[in-house]
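Scroll down for the structure; my scribbles are underneath it.
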Amino acid sequence: MGQNNEKNLGWAPFVIGFILAFCVGWIFFGKHFAVPPLYGKLHQPVLFSHEVHTESAGMTCEDCHYLEPNGTWSGIPRLDKCIECHEEPQGETKAEIEFIKNYVEPRKEIPWLIYSRQPKNVFFSHAAHLKIARFECKVCHKDLGYNDKPPVYVYSRLSKYPQNYVIVMEDCMRCHKKFDAPNYCFTCHK
Amino acid sequence: MHVESSHAEKYVMVIDIDKCTGCGACVIACSQENNIPVRTDETDKYRSINWLVIYRITNGEPPPKTKVAYIPRPCMHCDHAICVHVCPAQATDKDRIGVVSQIYPRCFGCRYCMAACPYHARVFGWWDPVFPKGTERGLNPDVSTRMRGVVEKCSFCHHRYQKARDKAIAEGRVILKDGEYITACAEACPTKAIYFGNIKDPNSKVAKLVKSPFAFRLLEKFGTEPSVYYISRQEWVRRQADYYLEEIHKKAHE
Amino acid sequence: MLTRRDFLKFVVGGAVGTLFSPLPWRMADEMVLFSQTWTYQPPKGKEKWVYTLCQLCPGGCGLKVRKIDDRVVKIEGNQLNPVNRGGLCPLGASSVQLLYGEHRRVKKPLKRVGERGEGKWEEIEWSTALNILTQKLQELRINGHGYTVACLDGYRNELVSGLIRRFCQAYGTPNYLTMPSGDETTSLVINALQGHEGHVGFDLENSDYILSFGSGLLEGWGAPVRMQIAYRYIYENPFKPKAKIIQIESRMSDTATRVDEWVGINPGTETALALGIAHVLIKQGIYNQEFINNYTAGFDSFKKLVLEQYKLERVSKITGVSKEDIIRIAKEFGQAKRPIAIWGRGKGDIPCGLYEIMAIHSLNALIGNINRKGGVICFNDPSETWWPEFGLDEIAKKTLSEPRIDTSKFPLITSLLYRFAENVNSQAHYKINALLIFEANPCYAAPDPALFIQALKNIPFVVTFTSFLDETAKYADLVLPAAFFLEKWEGITTPRGLQYPIFGVSKPVLKSPYDVKHPADVILTLAKNIKGIAQAMPWRNYKEVLKAAVKKLYQKGEGKLADKEYLVSLNLDGSSLPGSFEAMWEILNKCIWFNPNVKKEGFKTASGKFEFSPKELNLSHYEEWELKGEKEEFPLMLIPSERLMLTDGYLGNAPYMVKALPNTVLIKNDLVVEINPATAAKYHLIEGDKVLLKTPFGEAKVRVHISELVLQDVIAIPIGLGHNAYDEYLEGKGINAHQLLGYAKEKLTGIATWALSRANLIKI
Amino acid sequence: MDAALIPPGVKRCSFKKFLIWIACVSVVLAWGVYAMILCFAKGLNQTNLNDYFGFGLWITLDLAVIALGAGAFFSGFLRYIIGIDELKNIINLAVIVGWICYGSALMILGLDVGQPLRGWHIFWYANVHSMLTEVAFCISTYFLVLCIEYLPIILENPELDKNRFIHIFSHNLHEYMYIFAAVGTFLSFFHQGSLGGVFGVLYSRPFAFREGFFVWPWTFFLFILSAVGSGPAFTLLIAWALQKATGRKLVKYNVLELMGKIAGIMLSIYLVFKLIDTYYWAIHILPEKGMTITQCYQGWFGPYGLWLLVAELGIFGIVPALILISPLRKKEFFLIIGALFDCIGIVINRFVFTVQTSAIPTYPFDKWVVYSPSWQEWATTIMVIALGVLVISLSYRYLPLFPQEKELNP
């Protein structure tokens, strides 16, 4: 019962409890630290540098990522695209050698980790966003196309979905509202 | 910046009942296109998932005067879609191209829309979706499979619109040509009894067809304003499409 | 020490702290994602459209196949095809399920280990399977028993049929059997009356009065999709249709309810009605005098016959059709500009009697609409001339001289499946040592399947080439997985009843997920390995056979390529053949070859005229079908009812098709038969009652659906269900109508049809 | 054994006897729970609902219990707002009955949806135009109110009351109870109404459709009236049943009679409007949709025949109304019959709106479909009732529900 005369800890237990839970929540369930149990980190199978390709090699985004004539998006190029140039190693960097050894020679498709992977039941039209809205890639993909070293891939162990760089429904709808683009169920869901 | 394409689109379906032989190709094509599950026993027609149903009606005359007609019934995509009004979770809405669109993962299966829809166009997933072993390889990636416990219905093959539009955009257009976007059932129909197109485009086939004196819609008196029109030159067929109070009906005809 | 109260504070603090952390929101988010995607979602991929031709029925439809990466996800009609003009039938539309249905496909060669019919298998390699097969055939041939090997060919308008026939020849067996169908009798009759051995087409689109003796124009007769389009074309304007269609049958089928008139006729009396109509035509002199005089022989005896023996009273009594109706129809028929009388019950698979077709076709002769617009068109299918000559070795020569096992008593007809079974069982002539079955399912679809199953048990070595684990496979010693039509090369010849020849090359659209081979390729390998028949099969693989065929077609230079978008119309124009064979082969990947203005074949009988009474057959006359059982015991008549949503025989219904069946066909697992209210009253039955349906061939529990659309004392049974093989979506659903219908025989020809049978109902 | 927990000065049956009783109830409960688990695990294929009958026994139950639970808010309203003091003698019971009714309604609703995991969507993605949203919000908030109203009653348990803090707390709660009564009344008016709206707005279902006032169809108001017309009757039925079960007098007859009177008056008012409404519907709304009243009923005696209409408005409508407003109610027998019929009538009304609406063929060429619940549906329904019995038993045993009990049983 309440009327014990031992020394009362006052607010201390509350504060301790608060801070403890607060930190646990942020460390283990916040994306930024991405430590288990909920989140995991992965690295791209190949140390790919957009910077090298765009600046040194002087390629443009459209060389690899483009709109098919039927309006679908090419997405990430398949291995044969890489092989066009990387049949022979370009330079002696460790990454390059690795890449040739592991993928080009055995002709094995690269299991890229896709930062902006959406659930399979979501429809997204690159065509509309590029040709009608005239968005630049970075509007959605942020700096992904410019970095020299692929950023770490943070994903949720439960739903297996990527967490950093991913666009969620709220973002889509906000933007669609802003530009009063259609915002109906079937606009994105299928 | 305003990215909404300026042109008006409202897609409607016109079904010529006199041309429909009830062969059922549309139903199969629909099922194949829209990843419709199939159970080993589907003889309970009130619990069988179909986006497109064919009703068989007869003129009630004894042979040899008997006449049979078939009424293929997709979702009516009503302009006054009661299902949209009543859905408590905004899981369904009226699209800008006239399609009553829907988010399956949003729906929590209260079935209020089913109670509301007089066309029985909405069906419920009573069981987990199953596909005959092996045939999941034949599923269409443009349409998501629906989990148990949600309401689903015909979407006018909206994914085909998305594809057609993407193609148009790639070719630098925003307006689709007539026939560029048609539903799977219209595509399959051997007698081409199903027409589909943009009614706002005055040159489209459907725009002309709906003006036909024989064009009508199901249960118009209920005031749901369906987007699916039917054509039949047979009086008895038209009579069965809606309720008539004899005397009122007679007056209308005199 | 911590008091309870302090602990509470701690907990509360914890709870509040959690609320201020992302934890709860993240978890909610995760839950949403989880419940969004907990069903299997098909993977995305690159889309691709490829063209091919349907081989699921003799319809010859052009198909457009949608592929995602290497998966086939959709079948659609190909607009570049004058036959189906972009249309499709339920079966074609559901072929994806047939392709991928794992429980029904044969995935690897199977060797029987259990008893016949037990369905116990051992998976073996193709090489082993082929060795077994080659050795067996080799041995039998060398010992001069080649003729004891029988081949049952289930193909209809696929080119491979020719190859199989050729193989039988070279190997030296006369016993080349086909699955019974209406075509058999048709070619027999046309050959007898007109001396024409080629294809028979019906130019319905141009006819203005169609007298259909039970042909299910909308139930899949001839080329199903072509007929659907023809219907649409004829009734384009319902107020003045381009033709008047009269449907004559014992059950008012959908066709009957949608055409101008239905004439209810007693089952199996079509011949009498046809002759009755002839009676009126001749009596009233409304027939084509000029044609009769110049192009026909034996008219007078025919005239004598119908005038004397087919007085309307008699006909009316036999058929149950009123005199007035007969007279009226006859007049309408005679006075129409381009009338046509067509035969072939239901889908046309149900055999017709010889005299039935003779009688019906003689109506066409009376009106003289043979080989003219809107009439019966006879021409030679190009494929018939393609096969190069080849020499037979001594063994073949010797064994080929042996008589066929099935048609000994009936020289007219080429193949009689039920006689084969009977003779095998009775060991009447000689023992059959081996049977090769090609994509056929006689244990389900043969007249009286039980009889055939018995026969299989008496044949020591049975091999079946099939894509599906069907009833027949259960009784075979060797089951060889045949490539499904989407997985193989095939040549498609003119579909049943089409009025112009076509040829299409159907190419594989995907690499089979299973270990299958094209039976044709198997035959070619056999030919190489069996001594003495290689010379007949100079091709390396089946694709080469097709190439050779197309080359022949190209060299002939006739016809066009159907590379236009065909709409519902009569439009039959195409572009002329390209400059080179290679180019033609290329184009044939996309569309077909056809010849709208093909040379029509005149009368090649001895007299050079249309024979009303060919000597070997003499005059067509009505005789009752030989029915098993006594009228007293079986007072009712059982007839099959066909529909597009049901396939009969080798192809079991796809799951989607079973799903689409109405409750008037299937309720739970019970088959539903149709009876007339009067019959129902007589037997005290109400809608949905369970009854025991008994026929001389068997009995089964079914439910009744009471409908005025069937004649009194007639029971209509849906044909195509009641499989006990394939997968859980088909097995055990309904009753196999063949088991109950058995067969009725025609005395002279021995033709067996399952068009009717005596029956009885017992309430339970 | 549990003597300490039993309120002072009242007599209760032996603990053993009580345990046996609870055991019996629990068996039924367990059966229901089993059915419930089945439905959650295997999905709604366990029911006999189908695409024609999206709503069935469960929704009927929800509508019915919510109507019958209206006794809580209405007597609360009369007691605290209007100030009819006698009602304090039964208000506790009324609150508990209400709490049970709403609790079970929520429980069944949770069971009735195809994706219970997503139940919260109705709040998170609420569609303000949907009557169901209104219902969900009002019911759940009102249930909270009921909990608050129930709380002080629980806290009056002697053992709990010993605690100083709790004592004071519950006392204060009592002080402010009128606020909650007011809030409850407000909410209840809305969700009772919107429950009616749920069907009234269906212009695609001529049988249920009603024109109306502002956004609310007439059924909105009819449901409110019918609820207050039956709620009090139900409460008094429970009170009476409790007396019969325990063999003790708990409330003075005049209180019961007062409840009966209130119910009678409200029911009569309701019936007047209902009859007008039915008439207007038959001669105006239906013809507008091209239908006749005969198309809405399956003959006279079919499963959905006209007998339903007669029963609802006649035998179980006008009859109880007359009994309850007439002096007849002074006789206990008639009072109970009246109350009973009253409740039955309302249940029929809710049933008709839920099930018959779906049973009527919508296409002229379609046919009537009959629905009969599966055992799982019945089991869960009965479970809910068992739950109610359990709660009442416990409350009666351990809480001082009836202020008059002591003086009535010296």
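Think of it as A, B, C and D in the order they're written, each chain with its own count starting at 1.
Everything below uses one rule, namely that a residue touches a chain if its C-beta (ideal position, glycine included) is under 8 Å from a C-beta of that chain, and two chains touch if they have at least 3 such contacts.
All values derive from a computational prediction rather than experimental measurement.
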Any idea whether C-D or B-D has more C-beta pairs in contact? B-D
Most central chain by CA mean? B
What whole-Å value do you get for the distance between subunit C and subunit D if each is reduced to the mean of its CA atoms? 63
With chain centres taken as the means of their Cα atoms, state the distance from subunit A to subunit B in Å. 38
Centroid spacing, where centroids are CA-atom means, of subunit A and subunit C in whole angstrom: 55
Quick check: what residues of subunit D touch more than one other chain, meaning two or more? 115, 117-118
Shared-contact residues (touching 2 or more other chains) in subunit B: 91, 105-106, 128, 141, 144, 147-148
Contacts with 2+ other chains: residues of subunit A: 2, 70, 72, 120-121
Sites on subunit B touched by subunit C in the complex: 18-19, 21-25, 27-29, 31-33, 35-36, 38-43, 45, 48, 50, 56, 58, 62-64, 66-68, 105, 128-129, 132-141, 144-148, 184, 187-193, 233-234
As the complex stands, subunit C meets subunit A at residues 1-3, 5-7, 9-18, 20-23, 26-27, 30, 33-34, 36-37, 41-44, 47
Considering the complex alone, what residue numbers of subunit B touch subunit D? 44, 46-47, 55, 57, 80, 82, 85-91, 105-112, 114-120, 122-128, 147-151, 218-219, 221-224, 239-245, 248
In the complex, subunit A touches subunit B at residues 67-72, 120-121, 123, 125, 127-128, 131-133, 179-182, 184-187, 189-190
Where on subunit A does subunit C make contact in their complex? 2, 4, 6, 8-9, 11-26, 28-31, 38, 70, 72, 119-121, 156, 158-159, 161
